[in-house]
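So, here come the structures, one by one.
The two complexes that follow have chain A in common; it is paired with chain B in the first and with chain C in the second.
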Partner chain A sequence: YLPIKKTYNNDVIEGEEEILQEEITDPATVNTNAYSYLTMEYHIAYSPSYQVPVLYFNGYDSDGNVLSLDDLYQWIISKEMQDNLKYSNRLSAQGSISQEEHPILGFPFYYIHPCETQSMMRSISHDIINIKTWLSFIGPIIQCTLSHQLFI
Partner chain B sequence: MASILQFTPFASSVDAAFWQDLANKKLNVLKLSEASQPVYAYYATGHPHQQQLQQQQNPPLPESAISMPTRFCVPAQGLNTTDDTRPPFTFRVTGTILNTNTLEDFKKLDKNSLFQQHTTKIWEAIQNGDAFDCPSALLHFFLLTFADLKKYKFYYWFAFPVLMPQEPWLQLQPMNSIGHTFSSIETAALTNAYQAADRPPFFLIRRKPNTVLLGRLRDWDDYFTDEKDEFWVGFADPSNSNTNPGWPLRNLLALLHEKHGIRKLNILCYRELPGKVTSIDASKILVIELPPSSNYAKPPKSVGWERNAQAKLAPRMADLGPLMDPVRLADTAVDLNLKLMRWRVMPDLDLDKGWGVRHITFVDNGRVSFSNPVRQPLYTFNDSLDGGKPKAEAAAQSLLEIQPTVSAAGHNLSIPMPGHVAISSDDALLKDIEQLTELIQSHDVIYLLTDSRESRWFPTLLATQFNKLVINAALGFDTYLVMRHGSRHGSLGCYFCNDIVAPADSLSDRTLDQQCTVTRPGLAAIAGALGVELMVSVLQHAKGIEAGVSDSDCALGCVPHQVRGFLGQFHNMLIVGQSYANCTGCSEKVIEAYQQDPLQFIKKVLDDPEHLEHISGIAQMKAESDALPDQDWEEDDF
Partner chain C sequence: MSVAVFDDIISKKIWNGKLPIQISLDPTENHAFTEPIFVILTLFFSYSCNSIDNMEASRCSYLPLVSEQLLHIYNGLDIEIINTEIWYDYEGEPLKWHYPIGLLYDMSGSKDRPWQITVHFRNFPNEKLLKSPSVEAAQDMFMSMMKQADFLRYGTTKRVMNLSKKDQSQLWESLSLDRYDEYWNVNQYLISDTDGLRYVPLRIYLPDQCPVIQEVVSFTNKGSSKLLGDVLNDILPDLFPSNLAIPITHGIQLPLDTPIDWASQNLSFADNFLHLIICKSVS
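Showing the complex of A and B:
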């Protein structure tokens, strides 16, 4: 499987923590402002039952807290997929988001359910499709974008 | 214009799987030991994200908001220091981790002395020259943790000790791009030489006409022999900033000053973007100098505790409960199962109304007997021992074992029933009335599943008063009735609407088999399941409790009033019953009489059920119908 780690900037404000120690003032350290970023982790594994690749993902904030499905819908999942959770009348072309144990790591991961993948891919091309093409269609829903360099 | 050289600190980033590994190790190996363990981490050289992010933001963010923190990553395998699994193009660093047994220990630990211990180690490695052979010792870090294994919360605090001169290093000019000084031929040569030298984190550069040569730190004495060569020191720079170098440079400067007396230096902040064609265009140049009066004291001062995400000197915490806590995982799985149903089969489903009930209260006055568990899945054999646990509590307990996040309660309560005189005092009766009223008022759906007609009367009255949805299930030997009561002012009836006799004592003076309802065992489950699905169908209907039977269906199909089942024929009938203005259970007359004086009304009804017939108007109707046969029927009427 292929893990890819990417990092994004966002402004999520967290609560206070008690300061436990005073340190020497050090003029040689850059003053960093409060920051917040999200780390996304993507894995690709093969689904023997659906016979297509499956995109697994998890998100973490800057402290390492794992993002909930609500968080993911707010920050990561594309607007087109947002309706999926609440009021949709149709599935998106790519499929729905669910959670299960990663087939190799055993950790719970969110994933895009592979039940729609075959029909999505067939609507693109009837030839054998490679991973890059598949990922370029599935990835953007959850901000897993590919560098165009991969296609050169 | 000289200014103080400022370094961008590291921002730690720990893989969730590392915490799980630590938790396992603590549980199985370390147990109560607080001994330090080795740990490894990695960092990569920085590269600019600005352009990519600028394009995504509208309006564009200010420069200061865009620069990504300098990530210092602990991989999942961090505790296996014999391993070296990490992404390609990264640099490995070893450190020490100390995990305390309690949060108190974590807070009270003498952090200063711990920090000093590590600073001393780095200083010694510099003094005795070990740092030349193993320069990554300059980056030895320290990680203080407390793993709360019950709540799956991990408190942690990183320290990256660095030595400080008495007065800080100065930069003699702003940070420049490598292209400012090195030609493209030179950068290409540098890139190749770097790969060929196995990508050292710290290195020496000798700049000759049209080429650059790379050397190791330890070769310093032999390297800069030709005075005419420009000499540079390079380091793999994790910083993403356009103006500041990263943290690893600090201890390198201490080393070079102590061992080679260096006070002025050209620095190459090496930043590469790996790919088909590796580019080091993001690399930066620094020209720096230590003020003449400044030296590293023996021993020097040091700093390096990491600031948290709010830029405060405080520990950080990662809550991995959603990934590791089995109770939370079960909860999420149940919710996701419902959502899957919606997404894949029935997009119009309203998930807030229907399945996925989390709050259930049981009311029963009985105890679990030995014959119950085989027919009633919530009870086990153990519940029937010692006279039997109270049924309501046993059922609630059982639910919690099935799904721990359910809010389940059981109340041992005798429902006041018409024809069964109250044995207890007025106060006790009033208490029962109030408790039942409170329970019905505070819930959304009432299931009437008791074993007699009269026991359903009072709850029916209360539920109608508060217009609550009632699902009523009753069992015969091989027949069942599952129905929903109509709304308070609606046209559909309740369980009692078709009766012209008030509910009365049906239980005393009966034989055993008449008292305990003997039924085909499967019926309980069938009727119960139908009751659940009937409730969901009602709730999914746009009109909810007001849904009529001939209204258009809900997303799930039709919403019948009554389902009467005949197991002998494996046959269901859907029946409609109209509400009756003289009903003993749900009519306005009865409710008003009750509301006037609840206690007295109930007392009277318990004593004399025929009182109900008077209040509801049935007695009068009966009197009128009794008067009919006195009329003459003429032959022509047939």
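Showing the complex of A and C:
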């Protein structure tokens, strides 16, 4: 695994809305064979409906093709999450993974459903959600791991 | 706090808003099922009044439901289409199947009647459109919007989550079957509570592929009714008030003194969101 590079962008878009957007590019090496690798792209954006951060992601193979959800399940999404998802119904998409338009870029990204984030975070802390803490819970589901350096 | 009145007449008109559409096949696509009878099909359709030449779509409905109708027509001709992602474009721009049709039409800026769009069975634009535009996927997106609207209105999704499975399905099914009363039998439980109203489920669309604007908008202004003009002034102060732009929904220009709580109750789409398009005013 290579160290994660983080860049902070304050994007000001139409309507004077400020969203803190972190782009974390983490080339994750998965040994499907000695010569291929997968690239994961993670974005943190703010859900205007649920008022919590949401982790958006896409994966690409070594030819630059976008990974399908099946590929993501096979290589990236944690096994515990997969068992969880088997039992979720249409509405209780707790932490489940779907596709939607990236709120700023507009094209399709996968994301982890944010509707349970608020209650999950409240059980940890009553203060404002700390992005690092949030990411340390959500990230590992899709191999978005943080260097412990961030917490020092 | 003002209590928004449910206006049955307006609500019904919004639900019944229809759009005539004309769907053309893509002439560059060669399909086994169009090949030998392509010519026959086009002749058939041009003579048949219930053909894809003269379909009427509900403004509140979604393209995958139109695709379902298309597949029925093809089935009636003994043509089976399987495993295809069907998509549409207007003037080369792929149409987002998870947006209500009326919204897509108003966003396109087209004044055509019927609205002329092209259907495709190949080359699904994965980089622009969400995958798998099936009826089930459209239902999932619809319910996801209902949940978001619920959360915005009341700060919790419990009203939607507490619906029975039957009621949850009924919301989508009544939309797909155009059954206004059955839809409202369930939806009244989701939006009629006037206690604890927090934020207006509202999405604003600017031209030129701007990111969708969704901001936190409270229903009232310190206890008194908030008007659409106030909301737009907060969110887009350079455009409202001015002569530059007008707000449109369901093909109608909304007066700026429309109370926002009334608009939310009566002018929302079936997903309980107000979808407002900002257009350049013609003057």
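Observations
Keep in mind that, in the parts below, the second predicted complex is superposed on the first by the 107 of 152 C-alpha atoms of A that agree within 3 Å, B and C clash if a C-alpha of one lies under 4 Å from a C-alpha of the other, contacts with A are read in each partner's own complex, and residues count from 1 in each chain.
In the analysis below, a contact is a pair of C-beta atoms (placed from the backbone, for glycine too) under 8 Å apart; a residue touches a chain by one contact, two chains touch by 3 or more.
Being a predicted model, the structure only gives us computed values, none of them experimental.
Judged by the touch definition given at the top, the superposed model places A:S96 against chain B, while chain C stays out of reach.
Judged by the touch definition given at the top, the superposed model places A:S62 against chain B, while chain C stays out of reach. Using the contact criterion defined above for the overlaid structures, shared-chain residue A:I104 touches chain C, although it does not reach chain B.
By the touch criterion stated above, A:T39 is placed in contact with chain B alone, chain C being left untouched. By the touch criterion defined above, A:N130 lies against neither chain B nor chain C after alignment on the C-alpha atoms of chain A.
Of the two partner chains, chain C is the only one touched by A:P48; chain B is not.
One of chain B and chain C touches more residues of chain A, and that partner is B. Of the residues of chain A, those at positions 14, 16-17, 66, 68-69, 89-91, 98-99, 105, 107-108, 115 touch chain B in one of the two structures and chain C in the other. Touching chain B in their complex are the following residues of chain A: 5, 7, 9, 14, 16-24, 26-37, 39, 58, 60-66, 68-69, 84-85, 88-91, 96, 98-99, 105, 107-108, 113, 115, 149, 152. Across the interface of their complex, chain A is touched by residues 4-9, 11, 13-14, 16-17, 19-20, 49, 53, 61, 64-66, 68-69, 71, 87, 107, 111-112, 154, 164, 168-169, 241, 244, 250, 275-276, 301, 303, 305, 307-320, 322-323, 329, 332-333, 336, 339-340, 343-344, 347-348 of chain B.
For chain C in complex with chain A, the residues that touch the partner chain are 96, 98, 126-131, 139-141, 143-144, 147-148, 151-152, 157, 160-161, 165, 168, 201, 204, 206, 209-216, 235-237. Of all residues in chain A, only 13-17, 48-51, 66, 68-69, 89-93, 98-101, 103-108, 115 touch chain C in the complex they form.
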